[in-house]
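Heads up, the next two complexes both have chain A, just with different partners, chain B and then chain C.
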Partner chain A sequence: MLATDLLISARNLARHTRRNLFLGGAIALVTALLVLLGGLTAGIREAMLDSATTIMTGHVNVGGFYKITSGMAGALVTRYPEVLADVRRHVPELSFVAVRGRGYAKAVADTGSMNLVLAGIDVAAEPRFREVVQLQAGSLDALREPGTILLFEDQAKRLGVGVGDAFTLSAPTARGVNNTADVRVVAVAKSVGLLSSFHAFVPAGEIRRLYQLRADNTGALHLFLRNPAQAARVAARLRDDLAHDGWKVMDADPQPYWQKFQRVNSEDWTGQRLDVTTWEDELSFLTWILSALQGLTGLLATVLMVIVVVGIMNTLWIAIRERTREIGTLRAIGMQRRKVLWLFVLEAALLAVLGTAAGALLGWGVAAAVNRVHVAVPTAVQFFLMQRHLTLSLHGLTVLRDAGGIALVTTLAAFYPARRAARLEPVTAMHHIG
Partner chain B sequence: MTRPRLALAFALLALAPLAARALSPEEVRRVVKTVDERQRNAGDWRSLCYMEAKEKDKSDVVYELTVFRRSSDQKFMLLFDKPRSEQGKGYLRIEKNLWFYDPGVGRWERRTERERIGGTDTRRGDLDESRLAEEYDAVWEGDGKLGAYQVHRLLLTVKPGVDVAFPQIRLWVDQATHNVLKRQELALSGKLMRTSLYPRWKKLHSESKKGDVWFPEEMRFYDEIEKANQTLILVRSVDLRALDPNLFTKAWLEAKSR
Partner chain C sequence: MRGGLAALRMLLQIAFRDLFASRVKTLIVGGIILFGAVLVVVGSSLVDTVDAGMRASIQGSLAGHVQVYDARSRDPLALYGSMMGDPDLTPFPDFARVKAAIATVPGVRQVVPMGLGTALVSPGNLFDVAVARLRADVRARAAGRGGPELEARYQAHQAHVRRMATLLRDDLLQATAILDASRESAERARNAEDLARATSSGFWEELDRHPLSSLEFLENRIAPLALEGTLIVIRYVGTDLEQFRKAFDRMEIVEGRLPPPGERGLLVGKLYAEEYLKLRAARRLDQLQEAITLHHRKIAGDEELARWVKEAGGQTRELLMQLDPLQAAEAARRLGRALGTGEDDLGKLLAQLFALDDRNFSARYRIFYDELAPLLQLYPFKVGDAVTVQGAARSGYMKSVNLKVWGLVQFKGLEKSGFAGVMSVMDLASFRELYGWLGPKELAEIRGLKAAAGAKELSREEAEATLFGGETSKEHPEAGAPGHPLPLSREAREGQGGGADLAPSDPDQGVALNAAVILDDPRRIPAAMRQIEAAGTRAGLHLKAVTWQEAAGMVGQFVTLARLVLYVAVLIIFAVALVIINNALVMATLQRVTEIGTMRAIGAQRRFIWAMVLVESVAVGVAFGLAGSALGAGVVWLIRAAGGIPAGSDRMYFFFSGPSLLPRLGAGSLAISLGIVLLVSVVSGLYPALIATRVTPLEAMRSED
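Moving on, here comes the complex of A and B:
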């Protein structure tokens, strides 16, 4: 029965080829556009996760603050080997851990200066770092030597330095005493957007020397999970587990650690407090980019859907007007109102499914082509998109969800005119001259 | 003794008075104590300061601020008067904590005592009473001339357990007046970070001290890391009369911006 109904709907669609091609094309274009916008948002999100989890955060982080006096906080985890042992015990989902020093210093070269967020790294212990950070010049292995630094290309340009050049890092220690370290640039990496504009890497020992830290102190433990989607759940559980083990743990606060200094300094406590965060917390200062893009996508989708809904309703009105006598005849030979309604809705649904399927395929094709030709992102836009080449990330389920949503809205839009058609009295309809 | 050797011995004897005599540790301590003592007020202090900061690739900024001090309990407060964008902002030291108030957000923030005042190269210590003898151990490095002045050059190293911005300081102290004419501040790494010059000193009679209080009327700070950065401070309208007992409170500073 359904097959017969579908056949009737398909024939009706085919009878008005031009009109339906135009409407189906519009649905396809809207679908393709939404699929591409979704791919762009997902691409940025994935690029953000990829670069952020290499540069500044794990999927889950165990960081914290150590306060010598209540007004002087340092981003430190003291006795980190003990913390690490507890973390390993409590997180079976763990893939690997990176121990990172954290610091903030003024970099002063002969021709320029800038503030840098420093990460103390053991390059030998972080193979993923080598995969993600692409060098423009120099060697990553040299970053094992003391007194060295890895800069990103924009930083090197701003400081006016290259591989082999030296400059000074100046920062107060955890006790507020001024200290300096002369470092030599051993590697310059290609920029990866906003994060690489202020992050630089030094050997972990250099952070300890600059900030006068003990060997069992570090900045944070970056935990990488086998499934990053579990980050929020693992972080919440770890927070409770560490507190249960006797560690003082800060309440959940979805902000990056460097935005917490002001609040922590104003609180009346001293000693160590651990802070468990997720990568999304540490990147919350960037989520406006994704929110803006999602907002734009939503706005565009709404406008386009209104146009499609108006189009489909209008087309069906025309179809009903043209086929009023036919409807009258069908009703006169015994077709129920419900059946008339069903046929018109099915016709619209068929058009919507065909249109969205074509649009999804078109979007997929365009995305694949864009990814293949490596469209260069302008430098200014790279800062926000965190991509050097435009990458659209499409996932089958997401595309199916978007296409299904458009098909559903289109079908629902047909419901009202179809209902009007079904309500026509057979005698009136048969006498209709149109 | 051969004739040339005899001549050399005479020559050395003749030059001996010209060579600088090393100050004994006790003498060095006395010099540093005198430096502090001459600036000590033993009462209240109010002064107007003009602070001009020059930074590389930035436009110059000029601040006008009022400094309040009370020696008895080491109270200290700064109130920014100009420019308009900074008006009402202030620093207040309560016990060992330095608090910063911004009327724009109406909130107090705890800051480190070694905070750069207004983001310039000036520290709280530059505007506070000198406590060198309390915070540092000094050794004599040599005597010499600084311009037209005969000076002692001393190297001060922070005492264990004391928190200061610079762990080592080199001072050029005028032998005649015991005023500091030049000061170099070194980082933990030993790198020179800041050079300060104090070209003009002035004195005022203090009733509370029953003596003279000396203060540098002009201070020039040169950033030795970022060579182009420098700050000039002029101290004017010093008033040593007793201040309102309730002055050093958060409420007082907040009220000034209403």
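Moving on, here comes the complex of A and C:
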């Protein structure tokens, strides 16, 4: 039965090739557009997650502040081996942990200077780092030696240094003294987007040396989960669990750690407090770009859908007027109203499905082409898109959801005209001329 | 000619008859065009207003019409900084030459020297403030202005300083938990000794006998140990203040005044002071007040506001530390009365004060500012105090300059912008000192010293002592840490900044990084940019001229991006609308096959049919396009009448260049939107018109429906 109905609908669509091609084309265009915008948003999000989790955050972080006086905080986790043991016990979802030192220094070379956010890293213990960071020159293994540093290519260019060159790090401390350390560049890595413009890596011991810290101190524990989507849930649970173990844990605050200094400094406590954050918290200073893009996509989608719905209704109005006599005849030979309604809605649905499918395919094709061509993002826009090459990330499920949504809305738009068709009395309908 | 006119009249007649005859089609096509026209008019008016507002505020506050810098610089100029830190600009060694060259360009009204940079300021520490109060009492006593009231104050201030020293002693024990014990142990032992002395009763008995030496001990040995407050980054523009004021009308002195000509000093950015320097509890209250009264948010159910309430309450320590015993008692008395409780413990009273909810907020806010604030120092310095600004000089080493704060400054339209509103303004001579401008002779000297010291770099202390004549060590002879910020409330002696001899009589002579050029006629920007670069070449200078948008770096790029996004969105909307309108018209045409065929049969030419269909679609376009534009203009007017679109967040405040966006309707945007609508209606009419011309009389007669 359904097959027959579908056949009838298809035949009706085919009879008015031109108009249906236009309409289907418009639907396809809108679908392709939404798919591409969705791909852009997802692409940015993934690029962000990818570079951020290599460089500055885990899926969940256990960081914290140590306050010598209540007015002076350092981004430190003291007695981190104990914290780590507790974390391992509480997080079965854990894939692996990276222990990172946190620091901030001005790099001064002969021909240039710049500010660097320093991460203290134990390269031997982080196999993933090796996979993601691609070296342009030098070797990662050399980063095990004290007094070494890994720079990204932009930084090396700006400082005018290459592998083997030395320069000075000067880290301001709260006391107004600048601790300095001379470091030798042992590796230059390819840039991985915006965040690599100001992050550099030194051996974990180097951070301790710069700030004169004891060996059981570190900056933060970066936890990598098997499923990153669980980050928020794991973070909330871990916060409670650690507090339960007797650690002092700070309240959730969705901000990167370096934006918390001011607040922490003016709070009335001393000693250690742990701070559990997710990667989204640490990147909150960038995620507004994603929200803006999503808002824009939503607005555009709404406006376009209004236009498409008007188009669909218009086309059906005219189709019904054209086929009034046909409808009358069908009704006269005993077809139920419901069936007439069904036939018109089915026609619209078929058009919508074909249109959205074509659009999704088109969007997919364009995305694949864009990804293949490696469109360089202009430097001006790199900050906002967080990519060096435009990458659109499409996922079957999201595309299906977007396309399905559009198909549904367009089909629903057909209901009103279809109901009018179904209401026609056989007699008036058969009398209708033209 | 007359025939053509007659034909046109007929075409129009037919067009309007048809439009009224097939009302559904007309309404659908017209509706889409109307919708599109409204969208374009409102959208472009909003973007134009944002653009014009931001241009006015950025041009009028820092950029000027054209920015000029050295073409050989490694980085492009970025007035508001970039992700990589300050741009690396090649300085103009002698700005007077640059100015002379630019001044030859006709239409240039003003050339303002600038140097942008970031430095560190210390918001100071409370210990210094407390010692300064004590010092004032000691002076008053020495001057013989004794009396029971002074005695009581003197005792209270003593108790305050002593309590803080005790806290400090306990605090420093904490440091052993993180610091590597093997290093600095000698220094730490000395610190512990000093603290033990400062907290002993013997020391305080001696204060009466040798007040000055005791105070010196507190200031030089104990105050540096008070690790209050981190150093925070301040962004500044160093400029000739008189010229700057004339050139930039957006600058407003909120408090205090511009340093008089020839004086050195600093005007601190208002937002910067609020955001980074103000007492945190007070700042949070301000933010809550703004969110509740301006944005109509509620504490209940708003996660962010609830966090602010909690933070305001958690930051009472700063507040308690400021008060000496006398003030604390007074504060407790006032709070107890205002809150109507019998409680007399200040800590508990404060906790009660900061237990905020939607009902009590406005009353508590008033209590804080009316009762408590007069006893407190809300900012770490007052206008008139001196602050120490530390900058990394070009060589990478730290330079510090003590500057008198002459006032607070803000730029209209950028008051809330985290990028642009935090800018502070200082005089050119201080900038040059911070920048560490060294002539060729000094550079040679450094090279010699470096060679002598071997591979090791000079330490900071040595570098400063050698290069700047030991100026730093003269000023605070015993400070353990040479970079330790000076007590903020010291008298203006230091406030004038060191090295006044560095300032040449003509502010234009000397180094500057870039220049803002003000033109008589802003429309001449592109021509002026070309002429400035040419004038530079003639004078043997390498000048690069950029527009405000380029100079604004990331901020300017964002405006460009926003504009681009709007245009792309409008383009897409009209592309889809085109398809839909086209479709509606094609179907309408096909319905009229009989009519068209008949007309052809009675002698109408193809061209006439083509024109007929096209005139119809254009007529719809014009009629509904006009109506849509009028409606759009109405919407814009309504938005204005309703007081504009309020800026919901600080980021929007920046884009709106003020608390709300008052869209303006430009003739340009109206014309453009009408143009777009006309284009769309013509283009979407082309294909149906083509179809219509293909209809043959025969087809028309055969057609059944």
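Here is the rule we use: the second predicted complex is superposed on the first by the 422 of 434 C-alpha atoms of A that agree within 3 Å, B and C clash if a C-alpha of one lies under 4 Å from a C-alpha of the other, contacts with A are read in each partner's own complex, and residues count from 1 in each chain.
In this section, a residue touches a chain if its C-beta (ideal position, glycine included) is under 8 Å from a C-beta of that chain, and two chains touch if they have at least 3 such contacts.
No experiment lies behind these values; they were computed from the predicted model shown.
By the touch criterion defined above, A:265 lies against chain B and chain C together after alignment on the C-alpha atoms of chain A. Look at A:214: by the touch rule set out above, it reaches chain C but stays clear of chain B.
When both complexes are overlaid on chain A, the residue A:115 reaches chain C alone and has no touch with chain B. By the touch criterion defined above, A:179 lies against chain B but remains apart from chain C after alignment on the C-alpha atoms of chain A. Between chain B and chain C, the partner in contact with more residues of chain A is C. Look at A:156: by the touch rule set out above, it reaches neither chain B nor chain C. By the touch criterion defined above, A:345 lies against neither chain B nor chain C after alignment on the C-alpha atoms of chain A. Residue contacts after overlaying the shared chain place A:314 against chain C, while chain B stays out of touching range.
Once the two complexes are overlaid on chain A, the chain A residues touched by chain B in the first and by chain C in the second are 69-72, 106, 108, 113, 168, 170, 172, 175-178, 180, 182, 212, 262, 265-266. Chain C makes touch with chain A in their complex at residues 24-25, 28, 31-32, 35, 39, 74, 83-85, 88, 120, 122, 125, 167-168, 171-172, 174-175, 177-181, 183-184, 224, 226-232, 276, 280-281, 307, 310-311, 314-318, 390, 392, 395-396, 398, 457, 459-460, 481-485, 554, 557-558, 560-561, 565, 569, 572-573, 575-577, 579-580, 582-584, 586-588, 590-591, 594, 651, 705.
Those residues of chain B that touch chain A in the shared complex are 56, 96-98, 108-114, 158, 163-167, 185, 187-189, 191, 193, 225-226. Those residues of chain A that touch chain B in the complex are listed here as 69-72, 106, 108, 113, 168, 170, 172-173, 175-182, 212, 262, 265-266.
Those residues of chain A that touch chain C in the complex are listed here as 18-19, 22-23, 25-26, 29-30, 33, 66-74, 76, 78, 106, 108, 112-115, 154, 158, 168, 170, 172, 174-178, 180, 182, 194, 197-198, 208, 212-215, 217, 251, 253, 261-263, 265-268, 270-272, 288, 296, 299-300, 303-304, 306-308, 310-311, 313-315, 317-318, 321-322, 325, 380-381, 383-384, 433-434.
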